[in-house]
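This is the structure, below, for whatever I ask next.
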Amino acid sequence: MNVALPLGWAVLLPVLLLAVAWAAVAADVVVAGRAAGRPVPWTTAAALPGREALRLLVGQRRRAVAGDELLRGVGGAVLPIAALLAAAVLPLGLRPVADLGVGIVWFNAMEVFAWAAVWLVGWGANSTMSLIGGYRFVAQGLGWELPHMFALITAAIGAQSLRVSDVVAAQQGLWFVVIMPVAFVAFLLSVAAMAFWGPFGAPVGRDLAGGAAAELGGVDRLVVLTGRWLLLVAAAAMAVPLFLGGGHGPWLPAWAWVLVKTLAVLAALVGLRHRIPTIRMERWTEFSLVVLTPATIAQALVVTLVVLGEGGV
Amino acid sequence: MDLRRALLRAAAARPHVLIIGGLGTDRLRARVEQEVARRGWPVASAPADADVVVVIGRPGPELRAVIDGVWTGVPAPRSQIWITDEDEVSSALDDSVQELADLAAQRAHAPRSGLPAIHTGVFPPEQGHDISEQSGHDEPGEHGHHHHDGGMELPGGLAMADLGEDRDGLALDQLHVPLGPVLPEWPSGLVVDIVLQGDVIQEARSRFLDDVAAVERQPDAARALDSAARVLALSGWEGPAARARGLRDVLLFGGGETVRILEELDDLRRRVRRSRLLRWVLRSAGAGRSEVLEALDDKLLSARAAVAGAGAEAPVATDLPSLDARLVGVEFAAARLIVAVADPLPQPALARPTDQGGAS
Amino acid sequence: MNLQAYLVVAAALVSVGLFGALTQQSIVMLMMGLELLLNGVILGAAAFWYFLAPAGTEGQVLIVIVVTAMAIEMAAGFAVTTAIYRAKRIDMTDDAAELRG
Amino acid sequence: MITLALFVVLAATAIVAGALVFRVDSMARATFLLLLSFLAVAGLVLMTGLQYLGVVIVLMMVIEMVVMAVFMIMYMMNPAGLMTMTMFHNTRGAVAIAATVFVALAAGALVVDWPVRGGVPAPDLTMALGESLMSGQMLTMMTLGVTLFATIVGSVVLATGRGRYDRLGDDLGAAESDDRDRGGVGR
């Protein structure tokens, strides 16, 4: 059955995502301040995302000498667009903007555009640091993609559907995180990795002077940085329908539960971020392929057996 | 017009600061960093990210050429301030905010020929090549296009990569790039000319810009903490890095009791030693040992000893040739950590030939 | 929309891909030609399925097979290129004479 | 009407982007033009109602093209296309062959008297495909799986320069490999 929201929500979706991203940035600033021993007042932190955006809007753009402006521009623009398209299948409450029959695959396909986007931004600037940043993201992507796919598939197996609203419906009684904890952890890791954020921030790392974003100024920088936060928010929000019961919960309406749970996932990510150092590519890829991938496959197998045991299919 | 002024003022309230200084400006740099952190301003990661370029000390001709190159890459609105004395720091930073918000001044600053250009890396290629190949006997400001043997010149004045064997036995492109002196978490005034293949360093030759004969030396404890903060920041541990910097500032400029400093140092050391993730990230080849982590711990320990007043031995400063040797064959992220840990000092005793050809 | 329109587009893709595969000197570019050719095959398979036998699943299975073939082609192609390059530093088809039939 | 416009746009994008792949100098642009062509074809596949396959093509091709770009740039001279150079051989013959093939295929498509449409699509195409692959087409699926596995093993063997015997000694007994950079787990 198709339970998509009215079309007007498509306009509202970017606003919602940006608002949550705003809150996440502000929270990140507060936590960073506390970790550094220089607390930032809430009021300052709350205004900070707007202030930074304004700074970049006022700022001048830069052009690359012998670089590929076209590819760089395309790459930058793809990042926020991919995040928004991925978020289209997110149930806001119990109903998503686009209730695709293959919503989980769609979500995955849209996220993967970040690979192309970051690499293009890194390539287009014609700078060594940027290019290394772009390559780092591809290496990291090869590491997270397989565990990420298996985590998504595990949730789909549990619900026996690729439709995200069906996955939510299947969790009316029991949240999937209970029967598939490994998939949940792998998913959270890949959320941070796909948004090249926090411990997976090496592609835009400080050692590379900003990496893929090193040469971006003005609006270009704003678009890429916003796209990155939107990706993080969209992916973190996806953990709610897949593993945390979506809009199901007592007392509150469904949309409120989705919001609360999304903010909780983001809070956990932001809180953990400042306790964890940046993970290097060569360590992560091997761990991901040798440990995480088999673990998520085993998780998928266990869930399959559970579903078969309950007389599913 | 009023709206534009108001927007400019709002945007200028929290500028990103890029600090550039030559050899021997560490104390002044620490003072600027302290003031910038106190105001809650971020330190820029690259020229593209900067609003205010703070030049500290009195840069020599080579560094001055680098600063000019960096300045062309800073997007407007922008401000450049020169600080030579610790007393000027606060007022100079105030002035820079004024300048950023000043529409007329920004108009005068803005490059007339379109947008500012991006050069390869954070280091403009012309100057990079000039310096790397001709340091010592070239007058600054005279920028010809010199390229490495075997490189072809391409449109845009960039050198084409040449080929070389990589560590898997594939002949792949090599790039000649200078690292520094304008990089985040990088020792003042240091430049390492590297031959880079992918993100693996094939050859390295490090030197200091504008060889300064007499270098003002920081107290050992402050120097060790500075280096430790760099390592922590490069490992992505911004919080502990900022704490290490705060301790350094207290040591240099006062404002804390010894007991508190010791407590905080112990706390920091405990966190570093306990983090298994940090160990996992930093470990190098060889039975789970981590040279970087051990060096980091040593630095914190020696800082503690110096603060406590125990006669600690001064940390052994790495000289440039041994730094070069350690960088060869290392992956980029590891190389950054090695440089941060090594924290090299110029060795006046060792007369190093500075007028050889390029790194190749 | 009808079958003919889809098939003509598919034919165009196949012939452009064929042109690329035949003319390119670089092995990597040659593979791009092959990929484009298979791209046309995918479109043709989808069209045949939709316009002739939508009740069955053979068309869909064919697409799955072609997509897999593309992945295999690319993996094997790059492995061979790497092996040749390691041995001889060649990435041009004209130079790899021993691969000639 | 909208369907027609969409078809024309997607078809034109697929063909033009595909042709430009062999016209541009920059390897990066060539790769991403090919990706554009794939995305347009994925759109056309989606128009026939094959949701799952259309989206899977998008997913797979984005990854494949990014990986392809990395290899392209690794092995090609002039990756950024800063110098114009021609990378063609026997162009004339190839044009003739390609044109002939196109004429033959297109003529075939237009001339053949195609049978009328038989039956209607299943209500859930993804489910139909899955059931088919897991029952009637099981053999196909098994073959694909084994072939993919063989490809993984084969390509790693071909491409790697240093296997585990080089890293860990002839009896694989070394306590630790002599790798310059360590991975995240193991020796």
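Quick notes on this structure:
Lettered A, B, C and D in written order, each chain numbered from 1.
Just so we're on the same page, a contact is a pair of C-beta atoms (placed from the backbone, for glycine too) under 8 Å apart; a residue touches a chain by one contact, two chains touch by 3 or more.
Since we're looking at a predicted model, the values are computed, not measured.
The chain occupying the central position, as judged from C-alpha centroids, is A.
Counting C-beta pairs in contact across A-D and across B-C shows that the higher total falls to A-D. Spacing of chain A relative to chain D, judged by their CA centroids, is 26 angstrom. Taking the mean of the C-alpha atoms as each chain's centre, chain B and chain C sit 49 Å apart.
Once the centre of each chain is set as its mean CA position, chain A and chain C turn out to be 33 Å apart. The set of chain D residues that touch two or more partner chains comprises 56, 67, 82, 161, 181-182, 184. Multi-chain contact residues of chain A (touching two or more other chains) are listed as 66, 126, 135, 282-283.
In chain C, the residues that reach two or more other chains under the touch definition are 82, 85-86.
Contacts between chains form some other arrangement here, matching none of path, ring, star or all-to-all. Applying the touch definition to every pair of chains gives A-B, A-D, B-C, B-D, C-D. Touching chain D in their complex are the following residues of chain B: 154-156, 167-170, 172, 280, 283-287, 329-331, 334.
Of all residues in chain A, those touching chain D in their complex are 66, 68, 70-71, 74, 100-102, 105-106, 108-109, 112-113, 115-116, 119-120, 123, 126, 135, 138, 141-142, 145, 162, 282-288, 290-291. The touching residues of chain B, when paired with chain A in their complex, are 7-8, 10-16, 37-38, 40, 45-46, 48-49, 51, 73, 75-77, 110, 114-122, 154-158, 175, 177, 183-185, 196, 198-199, 233-243, 246, 275, 277-278, 280-281, 331-334, 336-337. On the chain D side of its complex with chain C, the touching residues are 3-4, 7, 11, 14-15, 18-19, 21-22, 30-31, 34, 37-38, 41, 44-45, 47-50, 53, 56-57, 60, 64, 67-68, 71-72, 75-76, 87-91, 93-95, 97-99, 101-102, 105-106, 108-110, 114-115, 117-122, 125, 128-129, 132-133, 136-137, 140, 144, 147-148, 151-152, 154-159, 161.
Contact residues on chain A toward chain B in their complex (touch as defined above): 32-38, 40, 44, 48, 51-52, 54-55, 57-67, 125-129, 132, 135-136, 199, 201-202, 205-210, 214-218, 221, 274, 276-283.
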